[in-house]
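So, here come the structures, one by one.
Presented sequentially are two complexes of chain A, the first with chain B as partner and the second with chain C.
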Partner chain A sequence: MLKNYFKIAIAVLKRRKFFTFISLFGISFTLTILMVATAFTDKMFSPDYPDYKRARSLYITRVQLENSKDGWINVSSASYHLLSKYISKLKTPEKVAIFTFSSPANTYINNKKLVIEYKYTNADYWDVAEYQFLEGKPYSKQQIEQAAHVAVITAATRKNYFGDVATAVGKYIEADNVSYRVVGVVKDLPRTLRNFYADLYLPYTVSKSDYKEVGLLGGYGAVLLARSEAEMPKMKAEYEQMIAKVPHGDKEFDLMYVNADTSLEAFSRNIFGNGANSGIWLMITIMSLVILLFLLLPTINLININITRIMERSSEIGVRKAFGASSRTLVYQFVVENIILTLLGGLIGVVLSIIVIYAFNQSNLVPNLSLSLNLTVLSFGLVICLLFGLLSGVYPAWRMSRLNVVTALKSQ
Partner chain B sequence: MIRLQNIEKVYRTDTVETLAVNGISLDVAKGEFLSIMGPSGCGKSTLLNIMGLLDEPSKGIIRIDDQDVSKFSDQQLAKFRNKKLGFIFQSYHLINDLQVIDNVELPLLYRASSAKERKDLATEALEKVGLSNRLRHFPNQLSGGQRQRVAIARAIVGKPQIILADEPTGNLDSAMGNEIMEILINLNKNDGTTIIMVTHDENMAHKTHRLVRLFDGSQVV
Partner chain C sequence: MFKHLFKLIWNKRKQNFLFLSEILVSFMVVFAVFSSLVFYYQNYSKPRGIAYERVWAVSFNNSLKIKDADSLKMFFENVRTNIKSLSKVQEITYSSSNFPYANSHSTTGFTSNGRKYDRINTYFTEDTYHTVLSMNLSEGRWFNNTDGVNKYNPIVINDALKKAMFGTESAVGKLIGDEENAKMKVIGVVQDVKADGDYLTAGYAMYNRIDTGSRKWIGDILIKVSPDADAAFESKLYKVLANNIKNSNIEIVHLSEIHDAKNGDVIFPMTIFIIIAGFLIINVALGLFGVLWYNISKRRGEIGLRRAIGASGRSVSYQLVSESLILATLALIVGTFFAIQFPLLNVFNIASSVYLVALLLSLLFVYLLVFLCSLYPGKQAAAIHPAVALHEE
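The block that comes next holds the complex of A and B.
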């Protein structure tokens, strides 16, 4: 039966080549965009170099102070004081990484200006994030305590600053007129990883701004690492208990929100978050609506093409009904045929996606962001294809199956 | 085999009401070869469609093989048509995208059968109509007479008890028409298939057991 449906589906596709082209173009183009978007989202939200421990990490990236009476809010990153005095004293986390978000610094090599993004970190940072050291090692706790002028740089910085050298460890790199001795070189990482990206990593104790300043707002973020995934709820509970006791300090504000979020929540909080609400549902709703709208247009297009195509085959419908096909069987046949068409479009979509992703990776549009078509992305593509096939096939098939046999036969 | 009781078919539009079949009662015996004649628009094809359960009468009762089929659901009708009835149309109604053998197999797709069974039965049916050497051809590679023979093979492949033929020789020259008629007569004689045929051709009609004439939707003979 399926073989027969397949034969006729292919024959019909060959018959009206222009319609076939429009249908396949619509499906494959839509799918390509969705798959590339999925590959990008997957890269953003799945554990990836060097942030492999997302499943047992909580991220603190934002402090919101609010004056509920007048409606003022003040949003910023956290201060080192808040993170070190309160948060790093928690018992459940195995490690607490504290770091600043990267900022640009100017440096000059042979009278040529080079902008380097730098970041201050504590020692735990190197245990929470799993950087791959191409040479050397991270700075130690002791070096941090001594405020040693040492640095870890990325492979790209090594190349840009020192040229094609075999090793950079032991050499000096200058940023904002301060010289640092390179102790380690790590593999490059994409800029999309806001918490981890930098060209130059420095001990927080060499920071020019006063990290000892008492206050809640500052330029720091933190990652709490649980010993296991199972300990995540316990860690979150301890965190919440502790943060509720932190004094606001500022009389101007009566409410304080500092959340320890999962990776996804932390992402949505920075875009849609407000107060206690991480905005994750708003983000998911917006993303779903965008996907739905994006799918709706080619689906409607495909429904129209399908109606025309199916009605052209009314004589065949009449014959099939006359020889024993029920309306339900015919709906099934046309839906299967449509799924064959969409899967074919899907296949082209996958090939196009591979080409687009290859071109994207080659173009270095987002440096060090290497997209790939993994199982998640492919499964998403397959689900979208089947959904597409069903949505655009069921209605035309249902309309066609209602055709009166005699009318269908007469229309040849 | 088939009993029609006071069958009426009315076509309604907003302004006009047309009585296509007007109170026809007819019995067709098992193994009978019946022809229906009449001028164009007299309702003969409508009557044939009603007998073949392709169209519903506005009034009246149809019994086929002692079953009242008037209240059958879409599923039941489909199953009944598949098992008991075979159709031959004036314009063949073959599916041009499918090869001859796939066209003939079509009724078997809607009942439990293996691919091999379907292939064997379709080949056997095509042998019966003398087209066993055209299995892999497409309909548009065949002559009119050959296409009608494929249509006959499709009608008989499921071994139905009744064949309904709507002007099966209407699009063919007289030699081809006679060939087709021969096949139908043999089917009726050898396999005992009941055949009801609508025709314009007096000569063809006289070769059948009984002739029913219609005029303006009513039976005149």
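The block that comes next holds the complex of A and C.
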């Protein structure tokens, strides 16, 4: 049965080449855009180099002080004091990585300017994030305690600063008018990873600003790493209990929010949420609305084309009805035909997506961000394809099945 | 004639429903694209308000350990003298971190004469700020060293804020603010500065003179350099800065670079948006074309009959094209109803002229699209020979 439908579908497709082209064009292009968008989202939210342990990590990136009476809000990242005095004393986390968000400094080599983004970290940082060391190793706890001027650099920094050398470990790099001895070189990572991106990693003890300053706001963030995924709720509970007891000291503000979020929550809170609300549902709602609106136009277009194609076949439908085919069989046949068409469009869409993604990766628009079509992206594409096929096939099929046998046969 | 065509369409309203909704949705897409394009263009055509060439910005994330106000002032003056003594430095000014094209923003609000003004960009500047950035005064004067001792805090506002507060009246000498101890006196009005890049609005702006209270928040220097300042000079300047401002991370950026980056923030997403919308429109155009073509081939009998009783080929194709245009009009009336809500409700706080121009452009665009898509099918219909068409019946 299905084989017959398949044959009929192909025959119909061959008959009106122009309409086939329009349908396939619409489907494949819509799918390409959705799949590239999915590949991008997937890259942003699934564990990736060097942040492989997202499933058991909580991120602290934001401190919000609020005066609920006058509505003043002060948002910043946390201070080292807050993170080291309270948060790193928690029992459940296996490790607590503390780091600053990267900020730029200049260095000049041979009268050429180089902008280097530097980041201060503690020793646990290197265990929480799994950087791939091309040479050397991270700085140790002792080196941090001694405030040694040592640095870990990325491969790109090695190339920009030292030129095409095989090894940079042991050499000195000057940034911001201070000399640091390179102890390790790590693989490059994309700038989209706000918590982990930098060109130059330094022990927090050599920071020029006073990291010991008492107060809640500062330039630091932290990652809490649980021993296992099962311990995540326990870690979160312990964290909440602890943070509720932290005195916020400032008389101007009566509310304090310091959230330990999963990577998805941290992302949505920064854009759609605030201290009290992670904004994750708002984000999902907005995203689905955008996708739905985007799908609306191609769907209506496809329905239009499908109706046109179907009405062309009224004599065929009339004959089948006259010989006793039920409406349901006809609807079923047409929906199957339409899904075959959509899948065909989907196949072209996948090929197009591969081309677009390849072009994106080659263009280096976002350095070191290489998108890929993986199983998640492909299965999302398949689901969209089927949905698309069903949506655009059901209404025309229903219209067709209601055709009167006599008029259907007469019109030719 | 039109009444007759309208009747023909009304009789087939069910079949035409999808066609109508397709035009409606594409109209909304086109309207969105044109609204943003018109918005960006209107802003782009306004003057920039400053000259960013050869201006360098130094950030020294102020982590100075000087707490005493007098020594801080001494320190600032010291750094100023040392930088100004460099040969290729023309002028220098301290600034708050929200200098033009920087990512930092600082806004405030106040009540004046019972009216509330908010989202006012607040800048902390010095007497040389407007020379460094070549800002244009439209009224009054910029700060000078007589401004330190007045009873009221002197401020300079921009054209947009002046227009909102005083209309066409002169603003110089006016007192602003309803709270007695926080009154400010306007001493000058400057041309709007598009601080977020060439494609975005300037918004309201208010410039304050750096004083003892605000100096401890200052962490940026703007430097106007001479045309022959190169990377070698920049590296020298960097050394001087690093030796003068200890315990601080120093960064030099060129205003021209961050200006381009700011513009890129608008151009890049807009390009993607236009590409996607363009593909959607091509998609719709092909669809419309196909459906119209098919409809005409279905009406061969009707067209043949009209030709047989004497209608010219031209009038037949005229009829078909006007039918689709009337159909489009129906959809566009509904679309305009939705689109007109944007200026009426003042959505996104954008000038209504933007929406109105965008509305006109999108109406034109959709009409043109439908016209072009029905032209060829109309021609085909005109070529139908009555004998052949009627013979088939």
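Note that the second predicted complex is superposed on the first by the 412 of 412 C-alpha atoms of A that agree within 3 Å, B and C clash if a C-alpha of one lies under 4 Å from a C-alpha of the other, contacts with A are read in each partner's own complex, and residues count from 1 in each chain.
The rule we apply is simple: contacts are C-beta pairs under 8 Å (C-beta built on N, C-alpha and C of every residue); 3 or more make two chains touch, one makes a residue touch a chain.
Computed from a predicted model, the values in this text were never measured in an experiment.
**Student:** Identify which of chain B and chain C touches the larger number of residues of chain A.
**Tutor:** Of the two chains, more chain A residues are contacted by C.
**Student:** Look at A:Val383 in the shared chain and tell me whether it touches chain B only, chain C only, both, or neither; answer first, second, both or neither.
**Tutor:** After superposing on A, A:Val383 lies clear of both chain B and chain C.
**Student:** Regarding the shared-chain residue A:Arg328, is it in contact with chain B (first), chain C (second), both, or neither?
**Tutor:** First partner only, chain B.
**Student:** Looking at the overlay, what does A:Val165 touch: chain B (first), chain C (second), both, or neither?
**Tutor:** In the superposition, A:Val165 touches no partner, neither chain B nor chain C.
**Student:** Tell me the contact category for A:Val351 with respect to chain B and chain C: first, second, both or neither.
**Tutor:** Touch partners of A:Val351: none, neither chain B nor chain C.
**Student:** Tell me which partner A:Ala359 touches in the superposition: chain B (first), chain C (second), both or neither.
**Tutor:** neither
**Student:** Determine, under the contact definition given at the top, whether A:Val290 touches first (chain B), second (chain C), both, or neither.
**Tutor:** neither
**Student:** Which bits of chain B are touching chain A when the two form their complex?
**Tutor:** Chain B residues touching chain A: 49, 52, 54-55, 74-75, 77-79, 81-83, 86-87, 89, 91, 93-95, 97-98, 102, 105-107, 109-111, 115, 154, 158.
**Student:** For the complex, give me every residue of chain C touching chain A.
**Tutor:** Residues in contact with chain A: 18-19, 21-22, 25-26, 29, 61, 63, 65, 230-232, 234-235, 238-239, 242-243, 247-252, 276, 279-280, 282-284, 286-287, 290-291, 294, 298.
**Student:** Considering the complex alone, what residue numbers of chain A touch chain C?
**Tutor:** It is residues 18-19, 21-22, 25-26, 29-30, 33, 103-106, 108, 111-113, 115, 118, 176-177, 208-210, 294, 296-298, 300-305, 307-308, 311-312 of chain A that touch chain C.
**Student:** Could you list, by residue number, the parts of chain A that touch chain B in their complex?
**Tutor:** 1, 3-4, 7-8, 11-12, 15, 315-316, 318-329, 404-406, 409, 412
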